[in-house]
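Paired with subunit B in one complex and with subunit C in the other, subunit A is shared by the two complexes that follow.
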Partner chain A sequence: MSFKKRMLKQRIAFLSLSIVSIGILFAIGSIFALILVNGLGVLNWNFLISITSFDFKGVTHGGIGPAIAGTFMVTGLGLVFAVPVGILAGIYLSEYRSKGKIFNVLRMMVANLAGVPSVVHGLFGLAVFAVLFKFGLSILSSALTLSILALPIIIMTTENAMRDVPNDLREASYSLGAKKWQSALLVVFPVAASKIMTGVILASARIAGETAPILFTGATLYLAHYPTAINQQFMALPYMIYGLMTTSINISASTNFAYGIALVLITLIALMNIAIVIFRSKTRKNS
Partner chain B sequence: MDVDLKIENLSVYFGQKQILDSISFEIPARSITAIIGPSGCGKSTFVRTINRMNDRFDDFSHKGSIIFDGKDVLSNDYPVEELRKKIGMVFQKPNPFPKSIYENVVFGLKIHGVKDRKILDETVKSSLESASLYDQVKDRLSMNAYKLSGGQQQRLCIARALAIKPEILLLDEPTSAIDPLATKQIEEVLEQISKEITILIVTHNIQQAARIADYIAFFYMGKLVEFSKAEKILNAPNEKLTDDYLTGMYG
Partner chain C sequence: MKNIIDRIIFVSGWVSIAIIVAITFFLFYNWIPLFKTASPIEFFFGTLWYPTAIPPFYGILPLLDATVWISFLTILITFPSAFVLAIFITHVAPKRLRYFLKIFLEIFSSVPSVILGLIGLSIVAPYFQSVLNMDTGQNILNAALMLSLITIPMPTSMMEDFISAFSPEQKEGAQALGANEFETLTKVIIPGLKGPFASIAMLSLGRIFGETMIVLMVAGNAAIFPTNIFQPARVLSSTIAAEMGETPVDTPHFYALFGIGAVLFVMTFLINIIGEVIRIRYERQMMKG
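Showing the complex of A and B:
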């Protein structure tokens, strides 16, 4: 192939890659811009803390305080259940059962669990937590459902983070007479902790934005007060958007309100992702 | 001469592959025994069998025995954690924990239940002194061990191993990743501690064996060719194979 032909090929490849990349950036950017332009107008302090109300024409007033609180509560409580179980399961898979058919099947099931549509999680949560365990439609049922959604993410990041720790360190620990659990907990886990933390934040960003799992298990479209106990129903940001855009009697009047909620939700998730980036760069410097 | 470890007919296999073939010799107490031989002769496998580092590989199996204090350390009845308390190890690549210098040294004590701050402090000082690292780090014991140079890290690993007062210290090519000056310091440390502890060092550096070893074992293709006093091996080996290796015919 001549030099000219090679240069041409190189240019075409570069150009097509650029177009694709710019296209993706444009798509993401326009979503964000749309939400920002439409949502910024309603955003103020009052919007963030006060209680939602509707007038007789169906126009939404007030703020989204209870929905923010509800989202924080189910996400937080969901993590309380998912983090310890997920981390212990991940440690078990990486340090104790790296081989064997049953554990490969288990590993595959964890990966599959991550791919189950979230509405299926919602149905499962309704059948098991709300009905079978009699937790009813509540923050508790929703948090448990979300924790199952978060589990595979936490298990897989923990297992991989633990595996990435060089064997040198395990051997150093064993050579001093450490038992397996001591090596895993005192040597390997601290090294893997920052990567595991990344997985936890990723999981919380994921479950904070979920609608389907809380739809049948405890979220409600309207509450006239902040949630006070975990056996109550609650409002949540993603579900509130859905509610405003489908069940409001005056949808056009509620659109900007919904954009405002979307902006808050996206900002929350973006903040979590930024936290990951900062966390990563910090821990990288330390090690 | 006191005998510390008695190797009896030791054969080691990984799966079908035989790595060591009927090794028998006695390692003298409170001296330095160097194990030399070309790459792949089984010298690393040999020392890692002594403190049962190979146990965690599924396909590892052995025949024969290693007698220490009258007991076979390779038998399943011998508690492996107790064995490793008495037989310490330093590895080829310095592998300090990503913790402070202090925490590195006390790790062994802590996992064996020592909590007394005074004992911990004293052990840190004495172990680092034995590894001639104390003067360089005494003002920054809380510094992360990763900030030390390679040679310092390796001496920290020696201090970490010494902290639990082992009777034998195994070293698997401890200076192969370290510059000559740092190597010299480590050799001096080993000569010093060998007055109290039995040292078994794997090296592919014949000069190193000549500098520090009291006894030398020459391994070739999984077999012990010759074991004797260092001067004897270096000056007048019995076997032609040994002589050829020492004069650089192969390896």
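Showing the complex of A and C:
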């Protein structure tokens, strides 16, 4: 084949690749656009803070205050459980058992835990936290279930962040007589902290949007007040979208409402992602 | 000498194994009592899933069948799309655009699946029904399309990492022999990445298999054996989500749903293990070479 023909072939291939790619990106972009356009019409201050007063039969007025509060509570409480354990587990994998057969098995289990379907986590939460531990259908049960989803994300980012810290630091701290844990927690961890932070934010974005794990561990479609204690059932943004779309009789009114909630949820998650990008650019500058 | 902090770190390090073991135990613990009412053969090979009928039927074969249909259709859409996108990002898009595309896909990857369910239900389903004249807009095709969209970012970013990290010596070798960028890509890079691509396909499949909310909302929820992609279907994961809320604890129906959970767990576990093993083997090869 002549040089010209080969270059033409390359050009045609790359052009058709571009067309397909732009099509896919357009489809993805239109999801954001649809939610923005349909959601903005519903959004106002009252929608964000007031108590829900629709009954899923079409009377869609009132707001989503309790659902926002519920989502924040389960996500926050889930992180309280997952962050310390996840960080320590990541430290174990990078500082204590950083190679060998046991390490490979442990790491594969972390990857597997990340791959467990979220509805299976829901079953586990129901059997263990709600029934066995008698926490019932509650914020506490849901938060514990979500913390298991967050765990592998935090473990993996912690391990990678700790590994990226140069060995000189560890050796320097040992030469000054530091013990292993002192070196890990007081010398290496502070350097890795901002990268670990990105993992924590990523995990919260993930669990804030989950529906299946809270479906039968404590979320409810309707609550006449803000949640006040962790042994109560709660409303959550993602579950509310599902409920509005599948149990309502007045579909057009509840669809609008659902888009309003979707916009709030996506905004929350996008803000967390932007925070990740900022954190990441900071760590790049430092190192 | 181990002090208390070392011990806490040690215990935390083993927590993920402990959780996996606990999940396995509780799924089977809540499944086995079902066999008093329905034999394992009825459960796995029964063709009817009517858990609330009198007498009830607990056969998961139709659910399994629909899961396979939807998963394969989805991977058929997702994998080539991700492949094209990864090449576009690494080889075609201008450098500046690359960075923004990566962030864009990353943000999209954390969009909750329930939101894709909302789009599928409120926009795609009515379109299928009124414009394309399908019997129902809530069907396998709709679910597979929404599932593909939400899955695309994961394989794309994995492929992209592998393509851009591909051995620079081999790339430069090909270019020194006069290959242009496209030829280097098709004749050197892609054949060299067969292993990782197989592993990416497995890992994506594992993800699609367990995805619940989209299928629950847009697949139409009929526990039948589908014969084409325009029919409604109900998969393993969405059956649990749809029914567990109204099922009393410690009834045969409750046990059967845990059984479905156990099947789902074991299948995704195996798929993920295979994916991981292929990836680790490839990485070892790369280190040796």
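Operating definition for what follows: the second predicted complex is superposed on the first by the 269 of 287 C-alpha atoms of A that agree within 3 Å, B and C clash if a C-alpha of one lies under 4 Å from a C-alpha of the other, contacts with A are read in each partner's own complex, and residues count from 1 in each chain.
Following the convention adopted for this analysis, a contact is a pair of C-beta atoms (placed from the backbone, for glycine too) under 8 Å apart; a residue touches a chain by one contact, two chains touch by 3 or more.
These numbers come from a predicted model, not from an experiment.
Asks: In the superposed arrangement, does subunit B or subunit C reach more residues of subunit A?
Replies: Comparing subunit B with subunit C, the partner touching more subunit A residues is C.
Asks: Considering only touches as defined above, state whether A:112 meets subunit B (first), subunit C (second), both or neither.
Replies: In the superposition, A:112 contacts subunit C only.
Asks: With both complexes overlaid on chain A, does A:128 touch subunit B (first), subunit C (second), both or neither?
Replies: second
Asks: Taking the superposition as given, does A:178 touch the first partner, subunit B, the second, subunit C, both, or neither?
Replies: In the superposition, A:178 touches subunit B alone.
Asks: For A:51, using the defined touch cut-off, is the partner it touches subunit B, subunit C, both, or neither? Pick first, second, both or neither.
Replies: neither
Asks: Touching A:253, do we find subunit B (first), subunit C (second), both, or neither?
Replies: Neither subunit B nor subunit C is touched by A:253.
Asks: Thinking of the overlay built on chain A, is A:269 touched by subunit B (first), by subunit C (second), by both, or by neither?
Replies: Only subunit C; A:269 stays clear of subunit B.
Asks: Looking at A:193 after the superposition, I want to know if it touches subunit B, subunit C, both of them or none. Which is it: first, second, both, neither?
Replies: In the superposed model, A:193 contacts neither subunit B nor subunit C.
Asks: For A:216, using the defined touch cut-off, is the partner it touches subunit B, subunit C, both, or neither? Pick first, second, both or neither.
Replies: The second partner, subunit C, only.
Asks: Which parts of subunit A are in contact with subunit B and also with subunit C?
Replies: Touching subunit B and subunit C on subunit A: residues 179.
Asks: So in the complex, the part of subunit C that touches subunit A is made up of which residues?
Replies: 3, 5-6, 8-10, 12-17, 19-20, 22-23, 26-27, 29-30, 81, 84-85, 87-89, 91-92, 101, 103-108, 110-119, 121-123, 149, 152, 180-183, 203, 206-207, 209-213, 216-217, 237, 240-241, 244-245, 249, 257-258, 261, 264-265, 268-269, 271-273, 276, 280
Asks: Under the definition above, what is the set of subunit B residues touching subunit A in their complex?
Replies: My answer: residues 51, 53, 56, 58, 81-85, 88-89, 91, 93, 95-99, 107-108, 111-112, 144, 146, 157, 160-161, 164.
Asks: Of all residues in subunit A, which touch subunit C in the complex?
Replies: My answer: residues 6-7, 9-10, 13-14, 17-18, 20-21, 24-25, 27-29, 31-32, 34-35, 84-86, 88-89, 91-93, 96-97, 104-106, 108-113, 115-124, 126-128, 131, 148, 151-152, 155, 179-181, 184-185, 202, 205-206, 208-212, 215-216, 238-239, 241-242, 245-246, 255, 258-259, 262, 265-266, 269-270, 272-273, 277.
Asks: Please name which positions on subunit A make contact with subunit B in the complex.
Replies: Per the stated touch rule, the residues are 99, 166, 168-169, 171-179, 182, 186-187, 190-191, 286-287.
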